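Structures for review follow.
Each of the next two complexes has chain A plus one more chain, namely chain B in the first and chain C in the second.
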Partner chain A sequence: MRDQVLGVGSWVLVGKGIFDMRKIWVVAKMSLLENSRKQVFHVLCLVMLALIASSMLLSIFTEGVRLKILKDICMTSILFGGSALAIALGSMGIPNDVESRTIYPIFARPISRSQYITGKFLGTMLTVFLGVLAMTIVFAALIASFNGGFDPYLLLAVAFTLLEVCIVAAIATTISVFASPAVTAAFTFMIYICGTIKIGYFGGMIERTADGISKSLFGVIYHILPNLECFNLKASLVHHDPVPASYLAQVAVYGLCYSAFVLFIGMVKFGRREV
Partner chain B sequence: MAFMLGVLLAGVAAWAEDGERLAGHHWEGTEYIGEIRLQIGLMAIISCTMLAGYYLRRVLKNRNER
Partner chain C sequence: MKMSKPLTTDNLTKQYKLGKKQGAKTALDSLSIEVPEGVIFGFLGPNGAGKTTTIKLLLDFMQPTSGSASVMGLPTSNPATRKLVGYLPEEPYFHRFLKPIEVLSMHAALAGVAKREIPKRASAVLERVGIAEYADTPISKLSKGLTQRVGIAQALIGDPKLLILDEPTSGLDPIGRRHTTQLLVDLRNEGKTIFLSSHVLSEIENVCDMVAVLKRGKLVAYGEPDKVRSEESFVMVQTSKLHPETHERLRFLDVIIEPFNDTALLKFDRNNLYRVMLVLEGLSLPVYNINTQRESLEEAFLRLAA
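After this line comes the complex of A and B, so read on.
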């Protein structure tokens, strides 16, 4: 038994099995190249960059208010742009590979289905990261032009936005395993909206619901939905309010665990699917 | 489907937001962090159950093969 445990430990540590990063990286690199050539990536990045750059036109407001509104608009653009990219790219990757039959030469190589899903997700996240990075650079330059320096709260807010986008990408990748791109995009968008208003709206809704069956149905949905609002640190960036480190650590662990869990479900589902 | 059923069965009073309960930043209240902890716990329980089920199935399969 001890030998078995040690064997599994070394198997994971040396990067073999489903965590073989070399194989995952091959799929991720291929996915990144494929995604970066897609029109939707270029269009969304350009629209969001134009929106962030146009925040310079907020000259009707006074100095302090202008900076706050600039941060508000730019963070919303980064979050919306990142999520839209994750939904668009995550929902198209696997169904397109199956439809164009490019998945067969991949599986002819010693790459497992779990490695393929993880690689696809990683490729989507790398593409989204590139888009968000471009938006963040423009945003940081705008803040510097108004403020005269770099705002350290910006990095924290963007990092947690990326964690939120990571959950959205994982959901899109998992749903795309068994649904068409259009259905995946619509369903992921619904989950994204519901996850954002989860505590603020659904929490109150459950408390006020009188019917028992209805209450339990809402309760199930409530606990399944991701808690996306907790990644929103826009208020901290705008007002420079400090956020407790313990809260940040727990939210970061939650983001990683939720993404891994959703991907795990996708792997199980994809493992049983006929391709 | 669960959401549609829930909406159909719920009373009209369900459609209202409780703003006062969530006044202030989300990192100051207990609502958000409590839900995060609960979901992490639920995910851990589900993952452990799935892994235990997988391990048991493998053990039973190996025993039957022998």
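After this line comes the complex of A and C, so read on.
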């Protein structure tokens, strides 16, 4: 096992592996083409767009409150829409390729499994990006129709939402390496919920628990779970509160590193899987 | 400098764990073969003999329980070996929304073909397998036979030294079969090595330079087709329709009787020729035709796999 991990690791880090972008891009492009034809992509995008567009009906509120509620609803829609897309597409990509056997001709090529996983992940993220982009355009148009201008905070909030979705997609991709799409989607959704309430719920549990074993258990869960709440810049968008650049940089690095680490686990696991 | 064999396996073994109580099932048992350069190597065996397992091991889709395999001297676990290999799965599956030209472009890129060379190479390969006119038709609109040809084109796109083909004529009509068989011979003549798994033994017999026969994971025959077939030849005699009583008398001499139009074909070991002819003469039966035949590869396969 140790040799396997070291073998895959060295291939990923030192060899041509993960840095051969051409092969990764081919898999990502294929994945994007495939995902963008899936019904789940069309349905989720349409539902979220409809939800965002329905914010137009908030005319019962005063103008200031209406804009705040609009931003709140739209950001929540983008976050949930993006996460739902990441969970649905991320959990189906690899199992579908294995099930439909389209993976055989691909794996018969000089492509490492780490490149394949990276390509599938990128394909999922590109598809999610397209969906989020469509939602963001409608959202930006709505804000513009309310206050007559473009809100630069919107781009920042959406960018960090995409980083959050990136972690969700990485988790779904990694779990899908060894589980069925349904199990992957369920587990990823659980992790997503736990990651969102991590600070408030698990942090409080650790403080409140007196029992040593339970405290350690909650501590482990707390540290393994991603902190998804830190990507939420909704308040900053709604209230135009400035966010320190150092905080943004830290959160961005955290998101990218967490996603990379989760994907690395998937690569190690998939490296020796029989197909 | 000594050239490495295109394909070598050394005591290649694969066991599947079935569970704690059932233990393990041996799908492939100590397979040791060498495929020389520039030959068509027929890999035969009934269903469940371990052919697909072997191919999966050669392509590193799974890892052997013990033993090893190499392509051009490199272990199959090294992804670089697959740059030298073109693979056609038993039933090629591609994304159905893609067109053949897109499938080939994708596989050419994965095989490391230079970007500017891809369109030219893809068109040439489609032309070669006889489906140039379907280059822009989505796979979902193609018949099984045409999809199979896309699969063959896909295997050829990287200009591999070794082709691993699993049932290449599956789903093809007689013209397609003839075309593919001729293509394999042409590729061999160009110096490519072809590792071919097939059930259509008559085709294999005509084109294969070497064969290996697997039975329940074990190698039961290996070598040139002439060496795999039995040395013993048998005699075929065509006579008139036989009376049931004559059937009984001939069966004592281990004669196989097959009706053929209004006549009967008698098939027996050549050592029994004198005695069979005596019986036919005694019954005043005519002999229309007589010839000796050697065991076909199909008959050898049936004998070995039985």
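Keep this in mind: the second predicted complex is superposed on the first by the 258 of 275 C-alpha atoms of A that agree within 3 Å, B and C clash if a C-alpha of one lies under 4 Å from a C-alpha of the other, contacts with A are read in each partner's own complex, and residues count from 1 in each chain.
The definition used in the following text is that a residue touches a chain if its C-beta (ideal position, glycine included) is under 8 Å from a C-beta of that chain, and two chains touch if they have at least 3 such contacts.
None of the values given here were measured: they were computed from a predicted structure.
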Chain B and chain C placed together on chain A: clash or fit? fit
Name the contact category of A:30: first (chain B only), second (chain C only), both, or neither.
-> second
Checklist entry - Looking at the overlay, what does A:145 touch: chain B (first), chain C (second), both, or neither? => result neither
Here the angle between the directions from the C-alpha centre of chain A to those of chain B and chain C, rounded in steps of 10 degrees, is 100
Using the touch definition from the top, say if A:220 reaches chain B (first), chain C (second), both or neither.
-> first
Q. Which holds for A:109: it touches chain B only (first), chain C only (second), both, or neither?
A. second
In this superposition, the partner of chain A with more touched residues, chain B or chain C, is B
Would you check which partner chain A:210 touches, where first means chain B only, second means chain C only, and both and neither mean what they say?
first
Quick one: classify A:258 as touching chain B (first), chain C (second), both or neither. first
Contact-wise, after the overlay, does A:22 reach chain B, chain C, both or neither (first, second, both, neither)?
second
(Q) Under the stated touch criterion, which partner chain does A:244 make contact with: chain B (first), chain C (second), both, or neither? (A) first
Superposed, chain B and chain C have a smallest C-alpha gap in Å of 15
The residues of chain A that touch chain B in their complex are 198-201, 203-205, 207-211, 213-215, 217-218, 220-221, 223, 227, 229-230, 232, 235-236, 241, 243-244, 247, 250-251, 253-254, 257-258, 261, 264, 268
Given the complex, residues on chain A that touch chain C span 11, 22-23, 26, 29-30, 33-34, 37, 100-102, 104-112, 272, 274-275
Contacts from chain C onto chain A in the complex sit at residues 56, 59-63, 79-83, 85-87, 89, 91-95, 97-98, 106-107, 109-112, 151, 154, 158, 164
Seen from chain B, its contact residues with chain A in the complex are 2-3, 5-11, 13-18, 21-22, 25-27, 31-33, 35-40, 42-43, 46-47, 50
